[in-house]
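Labels run A, B and C following the written order; every chain starts at residue 1.
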């Protein structure tokens, strides 16, 4: 199985104390599964994505394990992780448009990377060209400098490069946020195609755009304030959400054809709790219309229906 | 790219015109008859000089020649390589006196600029990744770059030259030797060259080290560095890219620092009585030899312009962004 | 990870001018920054020395008061010159003129550079092109060479004049940097708001753009101050500075001229250069410290 996460805790160090960005997260991603990870800003989804590949120096691994293909990833050890990066676990970063060295031709960049990692560029080149063609890029792109390419083209190059070694797990971090709609669609379709062709075995698509994720993901996982709220097949999440937060989230989505005069968009009142001193118990409690006293105790993330996990006392009842 | 070079050439040409015009115009700021003034000043030092000087001056400042013609005359003389006759070293032409001194100044400037740039960049890059080096090299670099050039020259001259007696502190070569290509002479040249060179090298080094360290830290936080790290690239590769990218603004910085480096060389020469342009200028000032001063000024300006142009060319060759029509850095 | 304490309501542009609270917070961090505090101590210390020491002595810096070429002693803390002048007094007076030249020259250069930069960045177009050309020309002209020529004919008789010349040639890099920042700020919403409300361009620059760059401008002034001090010392050393007043560069000039090196009169030439190094070095360090204070990102690391 490409990914198994057990009670992962990753905090951010700050001068005024630790921010508990990921506070005990457990889930699995199966072979060939595309999982969308959604939630508000600050819910921890980006931290999750980054923690699987590369902790930066502000983050610290406080507890829990990450297992890829049966091997525990040494996510706290930067050096040890290098072995797994790019080969087992890869990422398409949020800043994909500026992710390429502006003073190096694309082909040379790839060659430098592969050579530095002990892989043969010459041997990989044919496959590289094939994949570039798959995303609609000509072979000549390898001779270009990044600034000679459009934003969408750079995004596609990064897509191909990140998946070049057929990683077991791919994390796509907000890959469509900076794109226009038609580019978004192209990227989304490419992600699915890569999975279908077996270039990646498991995928985490981190985004705040539920509608996008609904189109391409098999499973959707909703996060709130550093914890998991709900995880279920996409259809189930969108048509029968069981967690109050998910329900409000889906309810807040605009419908095509709906007009403001007929149906007002409702947001969710209030804001997520600060994560330096998170509240005890369920973190959605303050904003939840269904909250009761029992919610002062953190509900466990349990399977209440087939493949449907929720962390709420009121779900499944 | 044609636009880029076109603009640069326009600026350099304009600057040269401004410099020449300055040279020509400033004497006219003085009240009274400029020709008379200059002649009376120089008559005290060297009576033989008066006749040729009068002829030269009349052409350029004489009140019977219309202004625009004076200006044109000045340019004509310039293009014929005639910078006048030195008053102090009469009858030597200014151009010859200057050309005798230029090799010494170049011998100081070129090695010290290039070596300090290279060494400073290397150490700065190392300091960016080694905390130990950062804590030692960085304060030293700040102290060095804050040091006035002539003071370091004085300290070195006194410490290594006089107190320790290891190096000579005056002249370009030993006074009893005659210039020729013997080992003794070349050795003497090198001996006299070393302290002024070291002085220039150290002060400039500090500035480059600090700059490079900061640039590398900035580059290492760039998106491309993060992405490469996320793809498991070894630190070596990321550092190599960061270094290459950080060199680009350092090349531009070299052009910006030329004025400072040149003035540093001038004062260092004065400290060591090293027979280059700086020493010459000091003598010219003390002896009120205006022709020599003007000639030296023009030479320095030309040198700086040429150096700027060379750096511009190097930059275009090195930064791919300029070649594809996008502005790399102006 | 949002510690959501300051959530701006959507649609309201970011606060343009620093509030009283922000200023106090900046001061708080500044006073706690070791680099800033250390640098200020050094600079103030030398300044006080320069201001106070001459008041306590009854003789002038250039008077022949003591035994010639005497090493430091209780009477003459920095010894005497070959003529018997009090080196310490010369030193203190020299520091004063150094500070004056630094402030005036740096201030003038800053004024010119900022004006040129703001106008070029704000107006754009032909004005920008012309100012750019001017900036580039002054940038390329080697300042010392021009000053040499100017001095030879016009002469520099006072510290103020020296500061004027220095200020006239040190501004190009400031103009460039200010221009770049103005460009980016010009297109921000609060500037548009100001212009729409009919504010005249000069007022827009003064009240909307400049305050946002205030920290940067302050740091620029510090660098200009340091540069000015170095250039003045260089000019004085060549003999192109005011010769009636004492200055640190002039002290070094005299020392070299009168063979202090060969005679081993180190107390004559070591202190002046040391003082300049200390002042300029402190200014640079202060700049680094202020960068940390003004950029919270650097603070947290």
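Definition applied: contacts are C-beta pairs under 8 Å (C-beta built on N, C-alpha and C of every residue); 3 or more make two chains touch, one makes a residue touch a chain.
Please read these numbers as outputs of a predicted model, since none were measured by experiment.
Asks: Suppose every chain is reduced to the average of its Cα atoms; which one is closest to the average of all protein Cα atoms?
Replies: C
Asks: If you tally contacting C-beta pairs, which pair wins, A-B or B-C?
Replies: Between A-B and B-C, the larger count of C-beta pairs in contact belongs to B-C.
Asks: Distance from the CA centroid of subunit A to that of subunit C, rounded to the nearest Å?
Replies: Centres of subunit A and subunit C (C-alpha means) sit 50 Å apart.
Asks: State, to the nearest whole Å, the distance from the C-alpha centre of subunit A to the C-alpha centre of subunit B.
Replies: From the centre of subunit A to the centre of subunit B is 56 Å.
Asks: How many angstrom lie between the CA centroids of subunit B and subunit C, rounded to a whole number?
Replies: Each chain's C-alpha centroid was found; their separation is 23 Å.
Asks: Mind pulling up the subunit C residues that touch subunit B in the complex?
Replies: Where subunit C meets subunit B, its residues are 133, 136-137, 139-146, 148-154, 173, 226, 230-231, 233-234, 237-240, 249, 252, 255-256, 261-262, 264, 266, 269-270, 272-274, 276-278, 280-281, 283-285.
Asks: Provide the residue numbers of subunit B that touch subunit C in the complex, in ascending order.
Replies: Residues 11-12, 14-15, 18-19, 22-23, 26-27, 29-30, 142-143, 145-152, 154-155, 157-158, 161-163, 169, 256, 258-259, 262-263, 266-267, 270-271, 281-282, 285-286, 290, 293-294, 296-297, 300-301, 304-305, 308 of subunit B touch subunit C in their complex.
Asks: Where on subunit A does subunit B make contact in their complex?
Replies: Residue positions touching the partner: 53-54, 56, 81-87, 90-91, 93, 95-96, 98-105, 112-113, 116-117, 145, 147-148, 158, 161-162.
Asks: Can you check the complex and tell me which residues of subunit B touch subunit A?
Replies: Those in contact with subunit A are residues 222-224, 226-234, 236-237, 241, 244-245, 248, 319-321, 324, 326.
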